[in-house]
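Next up, some structures in structure tokens.
What follows is chain A paired twice: with chain B in the first complex and chain C in the second.
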Partner chain A sequence: MAGVTGMDLRDMNQDERARALGMVSEQLTGRSMFVEFDESAEERFTYPWAPDVDYNRRTEFDTGEMSATEVNLKIRGLMAEGYGTIVVRNPRGRHSLGVGILSRLNLVFEGSLGYFGVGLIDGPNVRINGRVGWSCGENMMAGTVVVEKNAGSTFGAAIRGGDLVCKGSVGSRTGIDMKGGTIIVGGDTGALSGFMMQRGRMVICGDAGKNLGDSMYDGTIFVGGRIRSLGVDAVEAELTELDKAWLARKLTVNGLLPETGVGHFTKIVAGRQLWNYDNLEPTEKKLIL
Partner chain B sequence: MCGIAGLIHRGRDSNVGAEITAMLQALKHRGPDSTGYAVYGSGIDPGANGDLVMRLKVAEQEDMGRGRGIHAAIRDRIGTVDGILAEHGVQVKDKEHATPYALRYVITHTGDLADLATHIEETEGVEILSLGNGLELIKDLGDAATVSEAYSLDGFMGTHGIGHTRMATESDVDIRSAHPYWAFPYNDVSVVHNGQITNYWLQRREMERKGHRFMSDCDSELLAVYTAHHLSKGMTLEDSLRRSIDEIDGVFTYLVATRDSLGMAKDTMAAKPLVLYESDDMIAMASEEVAIRSILPQEIDTWDPYDEEVRVWQA
Partner chain C sequence: MAGTKYRGSEIKDVDQFLDDSAGLASEREQEIGQHIGYRYDVNLVPDYGRLTPFLARYMEVMGWDDLNWLEDIHMGYEDGQAAVFDRNINGWVRVPKSIELPDNQQDRDMIARELLIKFQMSDRHPLATLRMAYTKF
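Here is the complex of A and B:
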């Protein structure tokens, strides 16, 4: 990892730390958000402290009477030992399991998770053979998360990257404030899905609740079923051949491709009446409001 | 943030006291201030003899630390209640102290229950927590394990119940403001709620104009009064729940239990959580799945009800 240690990072200011990790800054200028990488930096795909795990080294443990913190520390301990495939049995709806994993890992939960499951992750591939509570995958940066059953509200809140998949139905406010990545829902979603969405794609194979895409700035929502109502500044757009190809590929990969294909999906984008709002003069704001 | 839980067994009795205790204890982190139960027992025959269970409190828990005078006051209040019962021709078949400040009566009464309840509550410091053929409403300060032990709830057999762990935000930490609320004076109806009602005072004034009484300043009590009002007008529980979504402003999820049913309603924003499990013989629901897992540790399918969703199940 290019000789940068955790100790080095602690001594740096925020800008220096960002450069050391291969990022310069995020610039929100107009309609596009760029993440620029320092050309002089070496390639960095993992954090300096990421353990060197081997996917072929597999282990499993039962959560028994462990607390959520103990379960998470156990996962970290096993990663430090080099295990790259970890199976966690009987999570029994505990909150905040599998959070903050910032490196590659195959993580399998045999059972359901509570709130904030696998949030703040950057890289692991997670399969949850059960249900998840509120805010699964919140703020995830990269990796894949597949939930085999249903999910609670605020599924994928503020995610920035990666694929977050729920094969069942999810609650309200799915992908609220999402800034990138892909959310795929095999069933239905509740109200205010895609609320304040800024980037990324959301696919809902079933029905969408009311106020879909309310106040979205950018990004795309595809809905296979009925839309109860659109939110403020969310509008229907043409489903292109490129969209269909992308949808078919993503849904096939996750075993969610409908028998009827993807031609019936509705595409929702921002109407851009609110977009670029901050660049407007006060007199122009009045026209919009 | 509060925690609510409910369960109903279809066509059979179960140890609902222990089950609700386990669920509420799992939700303790959502509110440590007080815990309450409304459980529907099978010990009282609601048949021809007209037996009723009345739970009442004659002081607040915190009153007990305010010197010896409270004990004399409690004796006086209980004496007054007994006198009122006699005045109304009520036969007291059993009377026990659950705690020094909470009593449980089994009574036989064929007269006007609302009149009796109103008369009893004219006694200073006395509040009827519940009155009905099956409902027993228990609430006190402390977590579920503490309250369950104090009121001997482990082993309480019945068909269904609801419960609440409270984080006090809108009113005081006392029994008066704890959930569940009995839908005074409507027999056997109780309510637990998680959320905030923003048109509370508007709705409360309207209910007060219609003659309903409020015992606390807790916004959740409104839902009990609101439900009682509509049920007394002949509305079904399901219709009352649906109407509340239009008329009650705020964010809320609440559960209502009656003698033989359990209902839930969720606001238009679906801002407050509820997880549901439903099988052929049992329905369980709670603010968090971890509560359901406390009584059903095996892998099960659960889901979140959507915004404006209303459901009613029969025992």
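Here is the complex of A and C:
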């Protein structure tokens, strides 16, 4: 890699660039790649390629007749100019707005979003002063998203990290296949919330619908209200003092801490009966299910 | 209870997977010859009383009131060595042996978070090279 300049790379095709940067193709054999941390690595807080934005530089625009792609490109362009706080007026329920933002940013939507709003984000703090459709924060990696009103189904589908908050109620299958992060719902959640959850935390301040945590592999669900029913392999666990401290902190930050505190929350975890499922014999599967 | 025997080994000690790299404690693990489940408690929430100054500065820069995505980062163990899982490369990154490990998982998790941030934000992260080779925009 040493000795290759940006100018050299520009003149190469993609294969040549990959080879010049020391990348090789090989048959995967299942072994681990050996990578070790560098103790003396410098302190940096953003990706090397992230735009240098300033939270104190604020701008706003009205989406008017713009398409979703145009709105997203506009946001990207403003970040490249160094704006750290962007207000988007009249999003008009368009789908897929604010997706793929991979750096820090304060983003405010003055209105409601359609399906797949603010998905695939890695770092920004988003406030939506309205409602959202299906799959808000889908595949989110890091950052915070706060929805002031209600959300549709599959809120936070496959989320990997960050805090996704809906101050109102959400539809069914909240946090389906979630692999990390925290989903907080101020109101109620529908059926099959936490379905196939693998890790992460879900906090429901109100009631939870049928089959909560169905087929969850790991992770934790905290419910402040009534649970209609638990799904396969979801079981109640003891709420520890550390859990209570964490819950109180999270809910306080988001202005959702109940007057009665967090002592009444029920903690749900995986019973781990389905672990290593693939190694079971067919007859054993029948016994479990 | 159906299926109980398929559980992995229970984590009883912070050095369990350093002292026993295979970690095949349960009957079922020994039978199949592989470890079941995670080698650390993925549900352990952070103790904010143990936050390091670096992580506090990171939260400030990002404008977060807490550790955000780092709440899911823990120190794990691979082949008898401390390591951290980096989701951006889908693999384990090992902690150098020169780093002294504290005697509790909470402090180890804080070290893991700090090391992972520095690695992910550095030019030596594989994502930086991949970006140079394949970036489209």
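The rule is short, and it goes like this: the second predicted complex is superposed on the first by the 229 of 289 C-alpha atoms of A that agree within 3 Å, B and C clash if a C-alpha of one lies under 4 Å from a C-alpha of the other, contacts with A are read in each partner's own complex, and residues count from 1 in each chain.
Keep this in mind: a contact is a pair of C-beta atoms (placed from the backbone, for glycine too) under 8 Å apart; a residue touches a chain by one contact, two chains touch by 3 or more.
What you see is a predicted model, and the numbers here were worked out from it, not measured in a lab.
Enquirer: Looking at A:G200, would you say it contacts chain B, chain C, both, or neither? Reply first, second, both or neither.
Expert: Once the two structures are laid over each other on A, A:G200 reaches chain C alone.
Enquirer: Touch test for A:R92: chain B only (first), chain C only (second), both, or neither?
Expert: first
Enquirer: Scan A:G219 for contacts with chain B and chain C and give back first, second, both or neither.
Expert: The second partner, chain C, only.
Enquirer: For A:N150, decide between first (touching chain B), second (touching chain C), both and neither.
Expert: So A:N150 only meets chain B here.
Enquirer: Is A:G161 touching the first partner chain B, the second partner chain C, both, or neither of them?
Expert: Touch partner of A:G161: chain C, not chain B.
Enquirer: Check whether A:S172 is in contact with chain B, with chain C, with both or with neither, and answer first, second, both or neither.
Expert: The answer is first: A:S172 touches chain B but not chain C.
Enquirer: First (chain B), second (chain C), both or neither: which does A:E241 touch?
Expert: In the superposed model, A:E241 contacts neither chain B nor chain C.
Enquirer: More chain A residues touched by chain B or by chain C?
Expert: Higher number of touched chain A residues: C.
Enquirer: Which parts of chain A are touched by chain B and by chain C alike?
Expert: none
Enquirer: Which bits of chain A are touching chain C when the two form their complex?
Expert: 1, 9, 14, 17-18, 21-23, 32-39, 41-49, 55, 104, 106, 123, 125, 141-144, 160-163, 180-182, 199-201, 218-220, 242-243, 245-246, 249-250, 253, 269, 272-276, 279-280, 287-288
Enquirer: Could you list, by residue number, the parts of chain A that touch chain B in their complex?
Expert: So the residues of chain A in touch with chain B come to 90, 92-95, 111-112, 114-115, 130-131, 133-134, 149-150, 152-153, 168-173, 188, 190-192, 209-210.
Enquirer: Would you tell me which residues of chain C are touching chain A in their complex?
Expert: Residues 1-4, 6-8, 28, 32, 36-38, 42-48, 54, 57-58, 61-66, 68-69, 71-72, 78-79, 84, 86-87, 89, 91-96, 98-99, 115, 117-124, 126, 128-134 of chain C touch chain A in their complex.
Enquirer: Can you check the complex and tell me which residues of chain B touch chain A?
Expert: Listed in rising order, the residues are 268-271, 273, 275, 288-290, 292-293, 297, 299, 301-304, 306-307.
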